[in-house]
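What follows is a set of structures to go through.
Shared between the two complexes below is chain A, which pairs with chain B and chain C, respectively.
After this line comes the complex of A and B, so read on.
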């Protein structure tokens, strides 16, 4: 069978609160990955994403966000703040959506990049672009909030796009 | 799901009983262009099939301008239109320290019109600018509106991202779409994929 273009690789719907979500053994047959997150967290925090569970100090990001009264842009570079992971959003206690595009995740000729939009219904709307300074192919994703836990009922869907 | 069509070049098992099932998709890859070691002065998706409702382009871009950093300009060329004053753009940008907006309601010639962006060749090695470009109703008889989401981080002070819209003041169906960097060339490993979305 020919490879479908936009394919659901795995879905996780939390039946209880968790400290993290992991996608393992990601097939290497696609070009891009698209991660959809819908849910809540026990507290407002940053969603970090570690490809291959890498905790090295090689992450950085640039973001833009609006709070309803202000608009601003921020950046974090490493070393210093770069062990947490790729910034992919801010889970809120009342509901949040993240749509994360992870580009050319299996291409070993480039560092890995992700660009995401995310909304926290109680706080803001935002976008962020993150860099993982590794040319390794991404075979797993480890997602965790910087504080609190991910709430039951939160959904995580990982799609693959061919090219 | 009933089979609605087979694309030219489809490779896979047949739909005969007993073989693995075939699953049609409303999000289809039309074409991918990968830049080789010689670089590319521009890329163009030509003869775009007119059977879809919308298009999406997903690209990673880097230029050969090794003396520059940050995000360089990148021209958009629709149906080969480089001569008329038919383009306009509006965008919101974050550069890591400031959020601002730029663009304007006046139309510009191709030569003055740039959008989306290409990572300059002097940035951190192995980094590229991400472009996700959505073209809605590309075959309609309306003026064409394009939405883009683009950005790059280099672990320096030069990263940025933007969300923008482009107006092509032309009611013709889009049959070709090109990108032309401000840099001399797109560098190796730049990649452009065109997808069709059925509706």
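After this line comes the complex of A and C, so read on.
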């Protein structure tokens, strides 16, 4: 039998609305992480992700998105605007999915990159690449919307991938 | 865990492809396919629906073709574009031979009673002057669990050699 390649590390299914979701004590035994988020929020916002709850001004991102009628691309760099976290998508009051790939999360020789696709039939189809300029291994993830709360029933699943 | 549930490799052309009797034991589904169509076009549409339904679908797309980028939605066109989730366009008979599209769709919480949210990616290339990259968010506003997935097109039939692999994520 081959080695399992997609291992569920932690799952959180919200039973009430929350301001944030945190994954703690992430095992350091995988190559990459995949985070799947499905659900709604109390208002349209941006999902930010802070590895190790780091609020330092060391984040940057580039995004491309379509609204169903218009397209745009944006970029934010630090210092100055890079404190919120890694941009991983845009929750809405209707259903959305965010699929986030975090490569080499335990590697202490490189900065950490996340690639997120966000899709929702009522707000955006978007792809975002974010950089956390830290060589620290990722042991936790702190996720929060830029406004409002995450709705009850939303699901967060963190998977580990092995090579 | 990522587990292969169903495999369908067409040995003859088919007007549509349905994957049914989907086990209900997983948390999410991932369908990976390499389709090609028989219609006399460069590219034709790939459409997704669930449980044989033709109602309550909505979607929003971001597409690039190497020189332009645009975004549309089911509301851009009206019926019948609310009868399925459009994933984009992929290779048909007039495109480069032996070239199939690359398609992936994630269906989260497919056994829940919530509306079903879908994320799909479809990439197509014809080695000439045309290619597409599509990112689509879709919604099936239905509380039913997903027991089958149907793929269809407006461009003829799926040709022999098209492949479809359904995975369950536990």
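Quick note on the criterion: the second predicted complex is superposed on the first by the 160 of 163 C-alpha atoms of A that agree within 3 Å, B and C clash if a C-alpha of one lies under 4 Å from a C-alpha of the other, contacts with A are read in each partner's own complex, and residues count from 1 in each chain.
Operating definition for what follows: a residue touches a chain if its C-beta (ideal position, glycine included) is under 8 Å from a C-beta of that chain, and two chains touch if they have at least 3 such contacts.
Worth saying up front: this structure is predicted, and the values here are computed from it rather than measured.
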With the two structures laid over each other on chain A, which partner does A:127 touch: chain B (first), chain C (second), both, or neither? both
By the touch definition at the top of the document, which applies to A:155: first (chain B), second (chain C), both, or neither? second
Touch check for A:117: first (chain B), second (chain C), both, or neither? both
Identify the partner contact of A:71: answer first if only chain B is touched, second if only chain C is, both if each is, neither if none is. both
Does chain B (first) or chain C (second) touch A:5, or do both, or does neither? both
Taking the superposition as given, does A:62 touch the first partner, chain B, the second, chain C, both, or neither? first
Contact-wise, after the overlay, does A:135 reach chain B, chain C, both or neither (first, second, both, neither)? first
For chain A, which residues belong to both interfaces, chain B and chain C? 4-6, 64-66, 71, 117, 127
The chain A residues in contact with chain B across the complex are 1-2, 4-6, 31-32, 60-66, 71-75, 77-78, 82, 101, 103-104, 107, 109-111, 113, 115, 117, 127-131, 133, 135, 161-163
Going by the contact rule at the top, pick out the chain A residues touching chain C in the complex. 4-8, 11, 36, 38, 64-71, 94-97, 99, 117-127, 153, 155, 157, 159
Per the touch rule above, chain B residues touching chain A in the complex are 10-13, 19-23, 25, 27-29, 32, 58, 60, 92-99, 124, 126-128, 130, 132, 149-157, 159-161, 163, 189, 191, 193, 195
With touch defined as at the start, can you tell me which chain C residues reach chain A in the complex? 1-2, 27-28, 58-63, 69-76, 106, 108-109, 114-121, 135-139, 169-170
